[in-house]
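Given below, in the form of structure tokens, are the structures.
Two complexes follow with chain A in common, the first pairing it with chain B and the second with chain C.
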Partner chain A sequence: MTLTDTPSSLSRFGRLMVDRPLLPLIGLLVLLIAVLAILNPGVLSMFWAGNTLKIAIPLAMLAACQTLTMLTGGIDLSVGTVATISAYLTATLAPLIGVPPAIAIALASAVVIGLVNGFGIAVCRVHPLIMTLGTALIATGFLLVYQRYVIATGVQIPDFLLWLGTGRSFGLPNSLALFIPFAVLIIWAQRRSGFGRLLYAIGANEAAARLSGVRVWQVHLTLYTLSGVIAGVTGLLYLGQIKTASLSLALPLDLPSVAAAVIGGTSIFGGRGGYGGTIVGALILTVLTTMLTLMQIPEGGRRILFGLIILSVTALFIRLTERN
Partner chain B sequence: MPDAAAVLDATGVAKRFGAVVALKNASLQVAAGQVVALMGANGAGKSTFVKILTGVLKPDAGHVKIKGRDSTVASPAGARKWGLVPVYQEPSLIPDLSVADNLRLADTAIEPFRHWVAELGLPGLAPDAMIRSLPLASLRIVDLARALALEPAVLLLDELTAALPTDLVDRVLKVVRAQADGGRSVIYVSHRFNEIAAICDRATVLRDGLTVGDVKIEPGIEERIVEMMLGGAVAAAVSAERPVKPIPSETPRLRVRSLKTGTRLTDVSFDLHQGEVLGVVALEGQGQDELFDTLAGNRKPSAGTVQVDGAPKTFAHPADAIAAGLTLVPGDRAHALLMSRSVRENIAVPLLARVRNWGAIRMRDEAAKVDKAIDTLQIDTRALGEVRRLSGGNQQKVTIARWIAKGVQTLLLFDPTRGIDIRTKRQIYALVRDLADQGAAVLFYTSELAEIRLACDRAVVIFNGRVVDVIDARDADEATLMRAAYGLTEKAPA
Partner chain C sequence: MRRWFDANAWTLGLAVLLAALLLATKLIQPGFGVSGLDSLARAALPFALATVGMAIVVLAGGIDLSIAAMMAVASVTGAVLMDGASDGQAAFIVLGVLGLGLLMGAVNGLLIVVSRVPDIVVTLAMLFVWQGVALLILNAPGGAAVPWLRALSTGSFPGLDWLPRAVVFLALVTALIWLPIRRAKLGLRLYAIGSDPLAAFRSGVPVGQTRIIAYALCGLFAALGGLSVTMGTGIGEPIPGPYLLASVAAVVLGGVVLGGGRGGILGPVLAVFTLRTVRMDLTLLSVDPNVAAIVEGTIMVAVVMFGAVLAARGRKG
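Let's turn to the complex of A and B:
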């Protein structure tokens, strides 16, 4: 039997992506950094590296929400809104009632949004895409009402958030002190905890998980609440980084957070992937953004290019990894 | 014996998947008017061979001649042009489309399809029925009818009958034989010797990816084929027969009374005792699917009671049934397996299902349990990374292994030996007996009637949604079971 076409290098790359997703990803990241160095000699420095990490961390944290929900075949498109609300509440309530209560209220609202998501998805069986978009819309409405009726006496950003968001120690961003334990915990949980395994199981075959005695609603409820909490904490970190409270603070991170997870090799259909790849995906996106910034394209053009790149890279990766 | 008239002549076919060598040097010839059995143990490479011949997989080496000409089969469409039409081991129909839509997609005419469906014993099948709503057996018939409607020169059937109840198997065998008698060719993959004896002219035997023999089917050839399949290590002759235990008189493990679910299961009652293996015999669609689903907590009954160890139970979720010690190995492994996950993860799911097990996994403990289950069932460990890469029989073993690892009280086995080779089948009978001897209770539906004598103590026969007979395994020869299954011996048990 003769062969008409040998497997293309593209499909072989896809195979590699599925089997050992981290290697080609890291390769791609190194390649991008090399291109950046050629385009702008002298740009690479310890400072640049620290800065890239600093920008990538909130993105990577929101992408954790996408990774975990995507493992079950879901998605959480309310993360940007939750982060924004958590940041806005903290900044405006802190001068009124003090920092700890402000943060408590901020995180409580993140938990509530997560619970509502979880309830809708787990119990009412609403599709995660619709459910999370819906709660995001409603929550934004509440935020507008809040902004109107609570007269802010000013904005205060808690010192430790500033330290965490913008400070550096030994040249590295302080936010690593939050992110490293966070990443270790997520990666551990996805491989070595019962909950993590069940995310994969539900994504791979929900009916089979059910027949094995898994009450799928419990997992969904916990998962989306957890996702809300992660988004809320990310909002606090982001507040320290951006140093202003805005009504759309973290919204531009919604799409990139999904893209980071997809580029990182997590299947949008569930059952495959992991957080390790997502972190590299977030770094890749951040380096790409730097590149566009350095190319001195006006803001409008930059957004168009960034959107196009995210879409095409994501489409390419889906094509590569979802072939069978 | 590559005779001149070979319609299909494949030689030296090899295929590897990464580190796994699926085929080393396989060959196969089939002439017009012949049915050739392709046999071999689980993982021997049969399905891989069929997929290569029909253009789904590309071989690493090998030659294929079709009607004497060197041929290229590079895609399923190419195979179809040559008249090679397959029915693969797993149903290849799109679940969310109707039967008619699936036919349209595959460019198959509906009229001949209807003819074959009727011929195969399902005249009532509605073309607008959703694939998702059809039971596995009907899907297999749809698959076959669709293939027949294409008027294949060579029909390749990969374990088509594994999921079929006896009455449908008979129809299929007749139709397949008639194809050959009409001058066409058939390649027939099966683990069932009685089918091979009934319709095949020759058998080509694969072992570990190598064609090790090509024999004419004649009386007494069975042991020789087994020997070739297993490579010298001849298993003990098929004599799993055992003394039947008296049924203890204490409270039964499982007491089912007047159970009714859906439209098919109308009124079923029976007792299942500790230490007992109770067979369930039924033709297609007599309510057996509903019975197992209900007992596993996957469907709610509309009437009737279930008692476990004397206590009445209702199951709102499979977790409730599992908590009461009832665990199901479903008939369709697509419903049981996490195809994209590893064997280990598949086996371990029930161990993690409850909230209190959501925390840290004790990896050593888990590894020990999983290894023991893999060992007990002799799962092919060459492709453990993703269950979808295991051969069909090995996938089936994983569905059983899951509950061995968890530990069983009451096991609901729905056709557990489907697609499993003869050696492992014997191991599974032995395993089921062992479990029973250790105090488990087993409900064992099988579409292969001979298994009742080999594995069970008693058998209940279900017809039309009701128990029509209870037969002692010692008297359960196939003719008796068959008569009962057709409702001919109804004697309303007390």
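Let's turn to the complex of A and C:
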């Protein structure tokens, strides 16, 4: 991202960033891919593109939870835990009670965690960050207790999840079959549905929304439950992709999902942003991670970078919106 | 006397609750005595230090989500440097780690003041950064602690064997750092920016500077907490423990209002010991440790929920 010092071009750039965040983001993505191609000639191929999409999709789906909650000024830090629990329950219950009931139980537990989050945030008015961290802690406790009882039973990953997670058709990953309808639905819901507009209204000015007759607590309750469901479904997809059931399966995706939404131009204070940008943000992060891995930057360095990206992008957005 | 009683009713209530819990522990486990008290105090020490740090920031109207990550940085830095160091060198290392804590906290505060991004977002971002730093310093638990440091918080004093050293250590450190500040102008300023930053600014309080100092103090206590982790285990721990949620819960249970300006330090510290005693009682009742973690987490979330409801009432009234 280049910023020139003259205020007029900065403010013009700022308006562009705020009104059409997709254009500079796609520019950044192309730039990153170009740098990657220079660093490592011959890496770009149809296979590489498919692989990048495959890795980016679960991240983009979890980032959908962050985008929707951030539109109201919230955040959901329990998504990684919910996805992990949903994947673990499916994999361990499938050999015992069959695949459909296992998936039903997995998604039901995702709904329960979402409802608890929603209750705390909507009714008790706890800050979403603290509430979702707390439920994640409790849910992890339940998962640890649960795994002691199923340690002897085998693990079975349903075939259609494997097909969805790792298969390819026409060179493209099959997970697109889940992701494209999902993305269309989310973008439609956020732009055209009444629920989506309520999210923007609450995020822009909660008091005004309340005074115009919005039942804010109902919106919050629905929102965090929806976020739990999305995270649960992502867990199923991720299970098919990683092909093992572990107790920390999707936890490493927690922080990048926030970063993807922030990079995608969704304001962490609410009222601004959208899922289109988040998808590009997830792709940018995936390409960036590939690059950092190629440059052999350790895990610690990657975390530092993610933190700094979140901070600088948020600070930049604050500067730009104040100017306008 | 009556006024003092009213002003400290919450803290006194907590003290009574803690005493009742310790009595219950004695009933559950008749053999509970000096060694039990000692292990309770040692387990509670990192939690208590984190809570003091968090309480200072919350009093000043902020929150620091990166506290557990800063503790991890302090813990691994201390443990890596102390590996093979002599006793004298270790003293300088401890001072250096405390300085590092002040620095980390000041960086958090500076970023909040300069970037004008809300504290919760900045410290969330810094949580990732400090976690990354801790992992870069030490990839897996390791390092060492010198014996005298470990002895600081282990055992008790001759003649006073019911008084664990960890409690004395906590009381000394907290009193040495916090009491002079509380009595000075700085203490008043911290409370002032917590209760109303605009009014504080108009009364001539340097709000930004005071906020940075509050975060720096939080970093200092985080460093103490990280060192106490190393003191307790003898190694450095790069993965942060569950100190963030625990410290927020203890601060709220201790009568400090989220949003700032009201409360003290003693209440949160008593709250830490109360929460730890509950955990110990569950263990003594031979509850599965994972179930105990669930119960503890539920209590903490319930406390935070309750505190949020109270805070919302307070804003309305």
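FYI, the second predicted complex is superposed on the first by the 280 of 324 C-alpha atoms of A that agree within 3 Å, B and C clash if a C-alpha of one lies under 4 Å from a C-alpha of the other, contacts with A are read in each partner's own complex, and residues count from 1 in each chain.
Here, a residue touches a chain if its C-beta (ideal position, glycine included) is under 8 Å from a C-beta of that chain, and two chains touch if they have at least 3 such contacts.
Predicted model only: the values in this text are computed from it and were never measured.
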Which of chain B and chain C A:A201 touches, first, second, both or neither: first
Chain B versus chain C as contact partner of A:F182, first or second or both or neither: neither
Partner chain in contact with A:C124 - chain B first, chain C second, else both or neither: second
Chain A residues touched - chain C or chain B, whichever exceeds: C
First (chain B), second (chain C), both or neither touched by A:Y88: neither
First (chain B), second (chain C), both or neither touched by A:F306: second
Touched partner set for A:Y275, first chain B, second chain C, both or neither: neither
Chain B - residues contacting chain A, complex: 10, 13, 52, 58-59, 62-64, 70-74, 296, 298, 317-319, 322-323, 328, 330, 334-341, 345, 348-355, 357-361, 363, 402
Complex contacts: residues of chain C adjacent to chain A: 65, 111, 115-118, 120-122, 124-129, 131-137, 139, 242, 244-245, 248, 258, 288, 290-291, 293-294, 297-298, 300-301, 304-306, 308-309, 311-312
Complex contacts: residues of chain A adjacent to chain B: 1-5, 7, 192-195, 197-198, 200-201, 204-205, 207-215, 218, 271-272
Touching residues on chain A, where the partner in the complex is chain C: 120, 124-127, 129-131, 133-135, 137-138, 141-142, 144-145, 148, 255, 258, 268-269, 298-308, 310-311, 314-315, 318
